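What follows is chain A paired twice: with chain B in the first complex and chain C in the second.
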Partner chain A sequence: MNALMTVSNLTIATSNRKLVTGVNLQVTAGEATGLVGESGSGKSMVLRSIMGLLPNGVNVESGVLTYGGKTYDMTDTKRLATLRGQHVTMIFQEPGSALNQLLRIGQQITDAVNSKEHLSKEARRQLALHLLQSVEMRNPEETAKSYPFELSGGMKQRSMIAAATALNPGVILCDEPTTALDVTVQARILDLLKTMMQTTNLGLLYVSHDLAVVSQLCSTVNVMHSGQILEEGSLDQIFHDPQDDYTKKLIAATPTMTGPYQRYEPISDDSLFQMNNVVVSFENKGFTLFHKNNRKTVLHNISLSIGKGEIVGLVGESGSGKSTIARVISGLQPYDSGTLRFDNEPLGKHRTANQNCAIQMVFQDPNASLDPTKTIRQTLQEIVNANHIVPHNQSNEYIVETLERCQIDKELLNRKPKQLSGGQKQRIAIGRALALQPKLLIADEPTSALDVSIQKEILDLLLDLHNKLNLSILFISHDLAVVRSFCSRVVVLQNGKVMEENTTEAIFDHPTDNYTKELLDSIPQKIIR
Partner chain B sequence: MFQRFILPTLKRLVTLIPVALGVCLLTFLLLHVAPGDPVRLALGDKASAEAIATRRHEWGLDKPLWVQFLDFVVGIFHGDLGDSITLNEPTATAIAQRLPPTLLLMAGGTLIGIVLALPLAILSTKKIGGFFDEFMRVFVALLQGIPSFVLGTFVIILFGLQLKWMPVGGYGTTLMDHLVSIVLPSITIGIGLIPVLFRGFRQAILDSLESDSVAFGKAKGLPDGLLKRDYVIRPAAVDTVNLIGLQLGSLVGGVVIVENVFAIPGMGNLMMSAILSRDFPLVQGVVIVFAALVTVIYLLTDICYTALDPRGSMS
Partner chain C sequence: MTGKQVKPKEYDPARIRMFSGCALLLVTLLVCFIVPILIHADPYAQDVANGLRSPYAEHIMGTDALGRDIFARLLYGGQTDLIVAMVAVIAPLILGTFLGASGGYYGGWLDTLIMRIADVISAFPFYVLAIALVFVIGNGMGSVFTAIAIVSWVPYCRLVRAEASRIKNLDFISAAKMGNLSDLRIIINHVMPNVMHQALTYAVTDASANIGVIVTLSYFGMGLVPPQPDWGQMLSEGQQYFANGDYYLIFFPALAIIIASFAFSLIGEGLNVDKETR
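And now, the complex of A and B:
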């Protein structure tokens, strides 16, 4: 195995703290090396140091990079910069902000080449078309003339790859390039990267928090934690015979597409919540000459029901209407037509205090439900007292008790949200919802902003609460593996329509709808235990 | 083109009608509640009651207020802003004479402001927190504290009296005269603009330097010059178009003082004398033209922004 690029003994530090210590990496031509770790592990810093793109105040302390038979001192950013573009390049997580908003795609994917070779206008156009074809863009002519804001996320990511490979570099550093994309688009981008590796002998250094994605693409995997590489090995070795405890924990926490399904029978036959033929439309902002009322329908005749004690998964890609449904159920979103029933009573536009308490939401970003200026105790006390859940003099014990259920120590009660970790905040957000004694909990992507190990803890907590309190949960997620491991019934949503609805087992094992099949095929699922 | 520029412009012009009416009404009422009688001022203390009544009738000041206002508004739609009381000529004629120096001064001042502030900001961000950057921060804070009449006096003393490069006041009669005499007041206005423009440019450049698109531009292997031009300065300049527009709008007020310091026969000068002599029609005319000027500047700013940023939309 001959290495295309190696990094040895890389140490990155601020003036008072080491962020990365003694990292060694190797990238081979035609293969992808994975660098996996949770947020704050320093994986992005490693990539940025190779590019000479470390933020102000962060510097390489030591490190040697070899590429093409030459050795580079990594503290010498000037010399390292000569590698950029022609030898080593990088693609980013957010193609929307990484592309220049003011330049047409054709111009920005060719400007690096043009600055070196001074192409004619026609040659430049041809080069742009060639590059866009090489990333399998459907409409190269049109895309070349577009501005980034006119393209979808996937097209932007393809454009970024086209721009990065314009000077035929040997190595692409990939910083979570598919994390911001929908799962079907992610699958296509991963396929594209695979094809490019094979046809042009590119080497990739692929950074991700998502073990499943890495398992799709990489032949070697490095596991990184608090600035150090804990374990390095082939894909098989890491997934089937991990040596390090942290790696084992990471793998165990990653939801898989195997393993038993959840079966919770609803505790009674009548459903807790029913939604019948709900339609939601938004007014299209902007002036049109002929149609004064130009409305865009985001939910088409949605009907769904949630049984008592059931965990229902609602899956779909961005823009499918998942969050709109959650907002309709919780009364935050007015709807055009349709009816809602809750606990055998109609749920009108004006709800009683009891109905409001009985349906609670947990959001993706826990900061959204916690007041940053108040301590946790103050926030919860306010909610509990305003809704007269318990007599005033008992509210303190009640809050302590509720949060203990969510495994939050009572000492944390006097802290403000900014003094807590992401996982702690999400637990408290769940506790906040529980404090109102809901019958239905709507969890809108509650783990999407969290690391996998914390995601596992939050899911375990929700399951525990479900079992102990007979809580019904509507679990909204774009992550099918999580839904599979957590829900007993699944509703698949696309463009505001229900495509398929069935038990988790039936959806995953025998999908009938084409869109469901496409979704399932897109899941990175090489991990098999 | 039609959807992006022409239609929104037309829409904007339509919404200007109520704004214009409001401006007319406000200036009309404010002048009439202000103390001081134009007829008394014109005829002097010793004029007979009869003469005053006759003049009052001639000028239409004896009609009810709402009739006077209506006459005034109807007149505007005929391009007639009424006759100036003190200048013995139509208000429109007086304004038409005084508008060009003011426009020239505003354009020259803004141009000098941009030409000075942009390179200073670029130099300053070359080494953030470096000596020049720190020096500029202090300098700009000092500059902001100097009122424009003091600044104007400094400019006169330095360039006019010491170096004798330029005339220190007046406007001359030929176009060349005009251009030469506008230089010093433009410099005064331009320097006055530096603090706000410099800070705006500097922050915009810092923001784009930290953006992902600059990082990706580097990763693509772009040479420094191109990266600076297309990925740093261009987005920063687009971001500051609105700021420049706002400054231009507020200049309409600032130009009054500078015109007086340099004795430029512009709109500011005209307004001052009109107010002092209670020349109602003239004050109204000047205020309406100023208001129109500000709204046109904002409209042009929006058109510029839309043209420069592909995402921009005017609606």
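And now, the complex of A and C:
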């Protein structure tokens, strides 16, 4: 157990503020060191400072890095750059934007080697194939000739890893490399990193906001908060015997695969909402000089029902059609065929104002769900008044009351969205939906853009509203652990088809469908408490 | 690569442009509106015997063929030209932004219709169309406004449409639809305010172009009716004496046009750069 790379006493600052103070890290060969923290904790800054890639205006104040027996002053970026590529490389969160869209994969991943020793065309091709094989790409020949936009997210991230390992570096810095990927793809990438670590004795410094992912891969974990490392320890120690309060809070907020299931006792026999055999297709708008214009079906005969006061989970990976279902239910998306019923009445293509109010939605991206030019008061007042929820002169009190229910202080009412945090914006979005007194709330990945501790708060809020108002919720998520803790029934969706539908308990304990099983196996679930 | 020190705000080139543009415009406006009151200048007083005098103590910019004081006419001309330039921006700004926002928001046939009309208008050379319109509607301030409105909403519309078609897919628009707000209300209340900043930046630049339009129209004897003083007319009247060496008839109005256009351009550029770097 000797350290491959160490960073000591790293301090990063802008001209008026310290972003990272006194960070010490150690990376061991053949092992992964985890660096966990929420957004703004400075974890990405640490990685970037090692690569010498800090943004303008942000500087390393002090810090010493050792690698391969040599000591580097981290303020000396020129000297630090000699490590880059050959000894230390980095992979990024967005494989799409990390690759050059205009270069073929084979050329991109061999560029680093080519710049050191000029390769012949054939040698370069061989190297590309070798690298792509080493990242277990299914079809290396073809991938080498492809452009990034022709590849899936997982394949792009594999290509990035191939490029990062081209010069046989000792350490790879990983900046949330699986955050943008689906859970099944994430599991495969994590497996790949694990294998590579063992076979080539790589050391990884793995940055993530997701404790569960870190627990899959890392042997040592550092917990970071507002620029400082609060706690460092072995995986076991951090998860089973955390010392620091923040670590405890973080672990408590991470949804686990244990614990009791939510149950649903039907209030009446009628369901609140029913969807029967809904089909949605889009016109394939592309370059159609020689091809017939074809339609792509995104929802195949979807049937779904939601009981009064029930929380139904809708689970699927990107492209499975879960957001389309949400938009069909909310009336934003026209559908080809099928019927909808709400509250024992058919829901036509043109809905009444009351029907519109009764189904409300909370969106994924808190930054896009509020009009940036309006204050919170204006946004809420407009819809409350337009729908005559309360007499005009009482609307102000009504808004204050509604937002208080969502734990939003009335002082925030005169602010615009940019002066609010992500969690606050999401609470306000929930408040806006509630203001119209809906019976069904569609929550489309309401927490996936938020930090884990805020996710917990939002989920608790939704659960509280569900209990107090007997609100039915359709909860859409890609995160199975969240769904497990939150929903009483789960619908599993793949490629626009319902694969399995059952109570949460049955889905998680006795899945029958193969895809459901694969999904469940992919969940990073080493955390056992 | 060392991170560069962020420059303090006061050296920001965009701000300098913005500030100097505003200052220049303000000074120009003040001179045009305050100075005539102070010096009791009369732009209409004729003194034919004293015509075509080059600058001297009593008439610091000289006199025109009818012996009217060029300095006074320049100041009063500035009052109309600057105000018309700024006011004439408003109608195309609102019209173009509304049409662009509607086209982007609805898409489909309405969008196609609006954009094809825009294509037709931009197919004609700008001045040819503007002159033809004033010719049809008749002279006067009102027809200058109308002509400018009809011709110059197109760039606003194009600018705004692209942004509007992006914004209509954002969640807050979906939320507004689910809150039973009408399309018109969504366009005016939620789409337009979010696309306005681009249109406003362009409007400032457009104001400087409008000075050119007004001046050109009156140069051709259209638009403002004589003897109302105006920079374009002064140029037009002055040019026949230019060959005789009476440079001051053209030099001062031209200088005024340059200064005013420059001020608007500076502001527009400052706004634009400010937006890009943000």
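Following the convention adopted for this analysis, the second predicted complex is superposed on the first by the 521 of 529 C-alpha atoms of A that agree within 3 Å, B and C clash if a C-alpha of one lies under 4 Å from a C-alpha of the other, contacts with A are read in each partner's own complex, and residues count from 1 in each chain.
The rule is simple: a contact is a pair of C-beta atoms (placed from the backbone, for glycine too) under 8 Å apart; a residue touches a chain by one contact, two chains touch by 3 or more.
Just so you know, these numbers come straight off a predicted model, no measurement behind them.
*Asks:* Quick one: classify A:92 as touching chain B (first), chain C (second), both or neither.
*Replies:* In the superposition, A:92 touches chain B alone.
*Asks:* Mind working out whether A:52 is in touch with chain B, chain C, both or neither, as first, second, both or neither?
*Replies:* In the superposition, A:52 contacts both chain B and chain C.
*Asks:* Quick check on the superposed pair: does A:356 touch chain B, chain C, both, or neither? Answer first, second, both or neither.
*Replies:* A:356 contacts chain C only, not chain B.
*Asks:* Just chain B (first), just chain C (second), both, or neither: which does A:237 touch?
*Replies:* neither
*Asks:* In the superposed arrangement, does A:332 touch chain B (first), chain C (second), both or neither?
*Replies:* In the superposed model, A:332 contacts chain C only, not chain B.
*Asks:* Please indicate which partner A:368 is in contact with in the superposed arrangement: first for chain B, second for chain C, both, or neither.
*Replies:* After superposition on chain A, A:368 lies in contact with chain C alone.
*Asks:* Is A:303 touching anything from chain B or chain C once the two structures are fitted on A? First, second, both or neither.
*Replies:* After superposing on A, A:303 lies clear of both chain B and chain C.
*Asks:* Taking the stated contact definition, name every residue in chain A that is touched by chain B in one complex and by chain C in the other, in rising order.
*Replies:* Comparing the two interfaces on chain A, one with chain B and one with chain C, the shared residues are 52-53, 56, 81.
*Asks:* Show me the residue ranges of chain A that touch chain B in the complex, using the header's touch definition.
*Replies:* 48, 51-53, 56, 81, 84-86, 89-92, 94, 97-103, 111-112, 115, 147, 149, 160, 163-164, 166-167, 169, 173, 286-287
*Asks:* Where on chain B is chain A touching in the complex?
*Replies:* By the definition above, chain B touches chain A via 7-8, 11, 128, 211-213, 215-223, 226, 230-231, 234-235, 238, 308-311, 315.
*Asks:* Which chain A residues qualify as touching chain C in the complex?
*Replies:* Answer in residue numbers: 14-15, 52-59, 77, 81, 327, 330-332, 353, 356-357, 359-361, 363-365, 368-374, 379, 382-383, 386-387, 429, 432-433, 436.
*Asks:* Residues of chain C touching chain A in their complex?
*Replies:* For this pair, the touching residues of chain C are 1-6, 170-172, 174-181, 185, 189-190, 193-194.
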